[in-house]
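See below for the structure under consideration.
Chains here go by letter, A, B, C, D, E and F, matching the order in which they are written, and residues are numbered from 1 within each.
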Amino acid sequence: MTEVVTFGEVMLRLTPSGSDLLVQANSFDAHFGGSEYNVAAGLVSLRVPAKCVTRLPDNSIGHRALASMRESGVGTYDDILTSEGRMGIYYLEPGSSPRPNRVVYDRAGASIAVTDSESYNWMEYLDGAVWFHVSGITPALGQMPYRATADAIEAASEMDIPISFDINYRTKLWSVEDASMNLAPLLEKCKVIVSTEEDLDRVFGLKGGSPKQLAEMAIEHFKCETVAVTLRNTQSVKRNEWGGCATGEGGYVESKMYDVEVVDRIGAGDSFTAGLIAGLLDNDLQYAVDLAAAFSALKQTIPGDVCRASRAQTEELMKSGGPGRIQR
Amino acid sequence: MTEVVTFGEVMLRLTPSGSDLLVQANSFDAHFGGSEYNVAAGLVSLRVPAKCVTRLPDNSIGHRALASMRESGVGTYDDILTSEGRMGIYYLEPGSSPRPNRVVYDRAGASIAVTDSESYNWMEYLDGAVWFHVSGITPALGQMPYRATADAIEAASEMDIPISFDINYRTKLWSVEDASMNLAPLLEKCKVIVSTEEDLDRVFGLKGGSPKQLAEMAIEHFKCETVAVTLRNTQSVKRNEWGGCATGEGGYVESKMYDVEVVDRIGAGDSFTAGLIAGLLDNDLQYAVDLAAAFSALKQTIPGDVCRASRAQTEELMKSGGPGRIQR
Amino acid sequence: MTEVVTFGEVMLRLTPSGSDLLVQANSFDAHFGGSEYNVAAGLVSLRVPAKCVTRLPDNSIGHRALASMRESGVGTYDDILTSEGRMGIYYLEPGSSPRPNRVVYDRAGASIAVTDSESYNWMEYLDGAVWFHVSGITPALGQMPYRATADAIEAASEMDIPISFDINYRTKLWSVEDASMNLAPLLEKCKVIVSTEEDLDRVFGLKGGSPKQLAEMAIEHFKCETVAVTLRNTQSVKRNEWGGCATGEGGYVESKMYDVEVVDRIGAGDSFTAGLIAGLLDNDLQYAVDLAAAFSALKQTIPGDVCRASRAQTEELMKSGGPGRIQR
Amino acid sequence: MTEVVTFGEVMLRLTPSGSDLLVQANSFDAHFGGSEYNVAAGLVSLRVPAKCVTRLPDNSIGHRALASMRESGVGTYDDILTSEGRMGIYYLEPGSSPRPNRVVYDRAGASIAVTDSESYNWMEYLDGAVWFHVSGITPALGQMPYRATADAIEAASEMDIPISFDINYRTKLWSVEDASMNLAPLLEKCKVIVSTEEDLDRVFGLKGGSPKQLAEMAIEHFKCETVAVTLRNTQSVKRNEWGGCATGEGGYVESKMYDVEVVDRIGAGDSFTAGLIAGLLDNDLQYAVDLAAAFSALKQTIPGDVCRASRAQTEELMKSGGPGRIQR
Amino acid sequence: MTEVVTFGEVMLRLTPSGSDLLVQANSFDAHFGGSEYNVAAGLVSLRVPAKCVTRLPDNSIGHRALASMRESGVGTYDDILTSEGRMGIYYLEPGSSPRPNRVVYDRAGASIAVTDSESYNWMEYLDGAVWFHVSGITPALGQMPYRATADAIEAASEMDIPISFDINYRTKLWSVEDASMNLAPLLEKCKVIVSTEEDLDRVFGLKGGSPKQLAEMAIEHFKCETVAVTLRNTQSVKRNEWGGCATGEGGYVESKMYDVEVVDRIGAGDSFTAGLIAGLLDNDLQYAVDLAAAFSALKQTIPGDVCRASRAQTEELMKSGGPGRIQR
Amino acid sequence: MTEVVTFGEVMLRLTPSGSDLLVQANSFDAHFGGSEYNVAAGLVSLRVPAKCVTRLPDNSIGHRALASMRESGVGTYDDILTSEGRMGIYYLEPGSSPRPNRVVYDRAGASIAVTDSESYNWMEYLDGAVWFHVSGITPALGQMPYRATADAIEAASEMDIPISFDINYRTKLWSVEDASMNLAPLLEKCKVIVSTEEDLDRVFGLKGGSPKQLAEMAIEHFKCETVAVTLRNTQSVKRNEWGGCATGEGGYVESKMYDVEVVDRIGAGDSFTAGLIAGLLDNDLQYAVDLAAAFSALKQTIPGDVCRASRAQTEELMKSGGPGRIQR
């Protein structure tokens, strides 16, 4: 059975109920998310079995996170709970034009950040896997997660498991210089690299006149098989034009652009990656980018970090291209 | 006193609280609705007394539905509660572009579907009524409701009560062939037929180059006095251009188109019909279509299946044509 | 790995938000439950792997139920989704003295009730299982579920898997006569029978002067290895004295009685059974009854049908016997 | 058809959501209530048709109140809406021992308080009525409501309609002296007087050694046919022992005492009166007091001012006397 | 320390939870607001200390209002609580195109409206203040508040404290004639006048061909130092183009126009005034209008009457001009 | 003006909405609390001005905490916001017998724990203060807070400001040995010591046969002027008998015991201390203990860590001793 393995932090996300600012909030909606976990959960929604390697504190909050992972159908390993560290948190303040979405992180000391890289048993985790995915966030969480990421990539590489990597640069975690220097050795072994126009520019100085040019510059830069880039044309905070493109063996492909009425923008990139991997497992780059774009457009209409849309629903959108009548 | 009588199912509608998908929902908002009941309730909002013939299970859920009908001011008959059948339910998943609104029906075995047509006393129900309305949903619910609909139309016809009929084709209930064949004898006795461009096409093969042409083709096809059609220009799931037109004795009339920020699209067609009937009772087709269009535009900004806007509020919109300052 | 398999319906439970009566409800909290599923979920909370054989409609509501089962950690089989039938529902109106808790069922036509007994592959489901559990509700759901229950018991019996059976008599589903007649052949092959004083009396006419007498009469009647009975001394709707007893090879054992401030009484009996099975798997009847009583006392303080208390938390209560200071 | 008419103010009640104090509240649950309206609504729950004479402001809040009255099934008259005055409000802070329930009134200037007594057409309102009820609150609202109450009593008296009067003394509205002086002429024409031990003492100086003595002193004092008194033995804010007694032609009768887990204490006395009237219409004082006591015990377990329990549910409680198992 | 003093009513605002109309509402969100209080609270958000002179009833609702004022950081005076009058209320029904926002006032008899003007000690309140602000609402609340406003302006004028005045015409409170006649003597002593195109036209008959012309006509009319006008180009009820302009010593200045996705339109004008005053205290008209426009654009994305955006956040918007990526 | 200064951490408290366990929670209610802050807020409720020295992170969550402190009326100092550390959190799972209340702490790295003791300016903070209060939690938070507590006590002592100290032992923060050793030097300079029977026993080995004996042993042990002890007789998780006692110059005094229906047990001890200090400032030990007991009994009926009951309300309870009728 096809199984994708991802590696990264799962955080508790707290969003003010209603439309309140953080400074006004009297209650919070709870979701659980994290870039690589979101990819795994998106894959499961698309009916690709997936597991996520992570660490959760062995208390009620960690157990709550675990229940949420189970609900999304993501597989976990027996050593997921640990007595070290805490549940990382991020507070999300949803925006409304001209006020942008805002995230306040409280992730220092998270279990995954304080877990020794030796504690991960990659041979076991990757046994039977057909794909491994990680993003630039995990190695940025600290020396131990960096080491663990390197080990994971090493192991996957040795086991001939294709690796995808989402650049996912986070200013709060490290500088552009640190990121570009430290990511370089990790990226060498990756088959697929996913990123945004913004990150390719600020981290790697790659700036194309067109998406196509950019993707081609990137593939030359990274010397990987496939580069995929999300395409965003932000109309307003609650309105987004959204699609994606990729360059691979078969050349350059681009998806439709979707006009999105945004409900929750978080996790859009991660569900793009999930769609891409699901499509690449079928060995069709055009289909992969189309699935990725449609799936991640749907994500933005769904509360939480994770895309719960089904493969059927996503393929229906790929055909229709947009909103229709009520589906009865 | 003017009194309109309608006949149809009242369902419990369950909508996920917040913006959750059905697959994520932890709680549901409860509303009660059904096409013909919605028409009756809309008429009451417009200060036209109306009653609805239906059947509800004699348990707490049926009693809850009855309380909701009373709250909307719709009159009921003493035999509304029955020991047979259950409360039909539909689950509504509100959409956001490019994800459409979606409805999951759970209406099999509803009280109205399992009630013998003999149990309805149409002479009593229609006594004193000045209008009778039903839609294509009721006869599609099963043989007994079909029979009851035919009986009701027969009775109204004999009592010289004008009849309106909303085509309201539902794929889940019957095929296009069954619908067109079975509706034909019912429509013969109807004075007013309401429909959409989509239904006229797929059920009756009527396709006009313009709304006017379509309405005229329809009136020729149905040989009734008046045909009214809602006009929809869907911008996105949460944005709708909306209006209506009709052809009758005085020729063809069209309303303004309204630019609607959609809160709840369900029941838009039903409130159009309510406005139309309210206007036709005043014998003015232009006013009827204008009232219908404005009232159903307002409906789409109001949670629930029923339009709670008042006649004054609706007429004010007919004059102003759109949003203004805060009304203090 | 130890694995318990149970077989039964999973329903959507709708409870009015706040303290409203059903007749007042404007929104509902959603939970998923069903006697045998509750047992499986309770076992997982106690760290005994468990799976539940059931059928869910292949629509968004069925998918929601499946996500909820996954969240509780209960294993499922690939053929759980079906195109036949609907999601059974029950409405719960929580009581307050002197007003009792009240349940309105809407389960007719549920997927499990309309699934052919041939569709179940018991050899596969029970492969590797160490215990099988079912209650008197499943065979009462109709001829097909009755047949399937008989098949399951037959298969388990042949595979030498111990079987437990909870009488769980439901007036709405069948008469006392039908129940006692039809349960008899099923009970013959069961090793453990769980019931209440009330059911033993009304279904089997067993009435003891003391719990001990009753348990002994029952074991003689059923000719099984172990009979367990919950002991309830209802102080008020929101206050319950609760415990249990059993007779088995080692004689008669009784638990402490717990003074419970009830939050949600539903599923108390099912979590008693879960605790009992968990304890019996450790071959200690006294421990089994103690665990069962403490676990089901905790259940009554937890919203939903399922007991989410952990084994550690339950054993702590078994030691302390009652409420203490805030646990910091 | 039996029809009871009552006369009094309907107020918007605002209760903090959750258990917050008023000083902490961020949102309020909305209910509508008022002593005489509550009696009418209770009667409808007991299947006795009832109407309520009142005045509501002709704005959205008044319309909301009207919809709530319709939902409860209480009949209204065409002149209920007025351009004068405002919607009276009361804020309810539910207590928890040792903190009592607390009410903050904001009822000055309410429509009913500023409506001229000439505006009421008692002959029309009382046409066909078999009972008239009012409480001591209405005449305390101001000179015009006092005059209107006197007119109503006069009219009912002339039309030979039995009149019941609930003393309902409110310190915030008038002094004990004003109350006793002004109520005297009104009470002369009343057939049934309802009150509490506390009010009989503080307003009329009636203090009996036992409920029986008190009721007999009261009947001598008021020279009416029947006096009924609620009996309360407050265990704590959330726990109440509750019953009632009455003296009439057939002598003294007393109900069971119910042990109540209080959800919402407001309107307990009003639902007692509703039960009493419903029973007296059947000419059975013992049944009347039993119905009154059971119905008002149930009221205290139901959110809002109005008792939504049915006659069947109430009679079931009269038989069982208390909480039983879950009613499935 | 810089301190601005404002004078006006604080009201309880009740908004239906969710998107319900008032006529449907089952619960209300509570906020506290009032034009001049909103200005003070906006100033505090911008780090300008501010106090508000008002009167609140000395009951739990008044105490709730006081706690809300404290939460926003607005200073109050010891004599704020009074035994006279009630808490004024306004009900807000948020609109959605083509249905406008609607406000129902219930402010008659509010504490501030029934407080004698003698009870205000302006010398004390204004001691140390560097600015005084009031709007046309306060003097419209009745003779006593009118007198108090005149006294306050007189006192501020004598103490050489600059005065700003927002015209804020309210149809429900007085006629255009009364407003223009009674405002004239108050406006004479004001340094800064804020208004809208609509009010300048209907109250003072000032209508310019362009914002610039209008501002210049106004400054000539009022003979004050500065006139500022908000510029609104309502796209729909939930979409607003918004900015402002002013004419002062340095000539005419105009802000950017912001494209706003409206969450809560109430208080937009008040936060414009807050921004303007904050900027004028820095003696820079261009900055003042820019700050005012950006701050009030942000207000419209924030629930409640008060703008909780910070100065930093506002200045960031002034630079960026609009929505960007998620701020992590 | 009397002003009490306290020193300690303010945490964000997250409580599952409804009655959910942490492991089930989908949303959280947010409150802010911390032992010494709770004392300050309680004092303000009792009309004793109070300030709290603490540190909050300079982000939206810190600003939210600050707004909450302002709302409760507690004064703060200009240096309260810091760029170091994070907002400490605790998760509260409210219990129901036999399941106890449970707290999960996530306070490591909180701003107050990582702030250098040099950063506190005690001379300024204590200027004008008449009382200083701290508890055993603050020094247990780390070396820097320990040092800061010692500095504060030193400064208060030098300024002749009476000091109260609540033992408040927390197992998660330090061992009994560390606590007793490190608290000793701090306690030497304290005038008033507050504790529980449990803490006096486990930390100091003080165990009296009666409250009186215990208080006298404690005063001998600590050699302070006054020792106060809360008296708890836990009936169940939601039912508490509660009172307090003290020994001081005037001998031993004891309060009434209150029978409490618990809404929120957190902060009971802190509000006892607030009442005690408020009473001691009036130099009446009996009054102080009575106020403390009544105020803290009320606390347990109020959501959140802070007692919002007023002095009048508390004194009323001291007189009446318990629940009465609805207060209208």
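To be clear about the criterion, a residue touches a chain if its C-beta (ideal position, glycine included) is under 8 Å from a C-beta of that chain, and two chains touch if they have at least 3 such contacts.
None of the values given here were measured: they were computed from a predicted structure.
J.: Minimal path length between chain A and chain D through chains that touch?
T.: 2
J.: Which neighbours does chain D have in common with chain F?
T.: C, E
J.: Report the chain whose mean Cα position is at the greatest distance from that of chain B.
T.: So the chain farthest away from chain B turns out to be F.
J.: Just the number, please: Cα centre separation of chain A and chain E in whole Å.
T.: 44
J.: If you average the CA atoms of chain B and of chain D, how far apart do the two points sit, in angstrom?
T.: 40
J.: I need the residues of chain E touching at least two other chains; which ones are they?
T.: If we look for residues of chain E contacting two or more partner chains, we find 21, 23-24, 26, 29, 67, 102.
J.: Looking at the whole structure, which two-chain pairs count as touching?
T.: Every pair of chains meeting the touch criterion: A-B, A-C, A-E, A-F, B-C, B-D, B-E, C-D, C-F, D-E, D-F, E-F.
J.: Quick one: in the complex, what on chain F touches chain D?
T.: Touch list, chain F to chain D: 29, 258-264, 294, 297-298, 301-304, 308-309, 313, 317, 321-328.
J.: For a test of understanding, state which residues of chain E touch chain F in their complex under the given definition.
T.: Within the complex, chain E touches chain F at residues 67-68, 70-73.
J.: Using the touch rule from the top, collect the residues of chain C that touch chain B in their complex.
T.: On the chain C side, the touching residues are 14, 17, 21-30, 59-61, 63-64, 67, 86-87, 89, 91, 93, 102, 104, 106, 108-109.
J.: In the complex formed with chain B, which residues of chain E make contact?
T.: Listed in rising order, the residues are 18-21, 23-24, 95-103, 105, 170-172, 198, 234, 236-238, 265-266.
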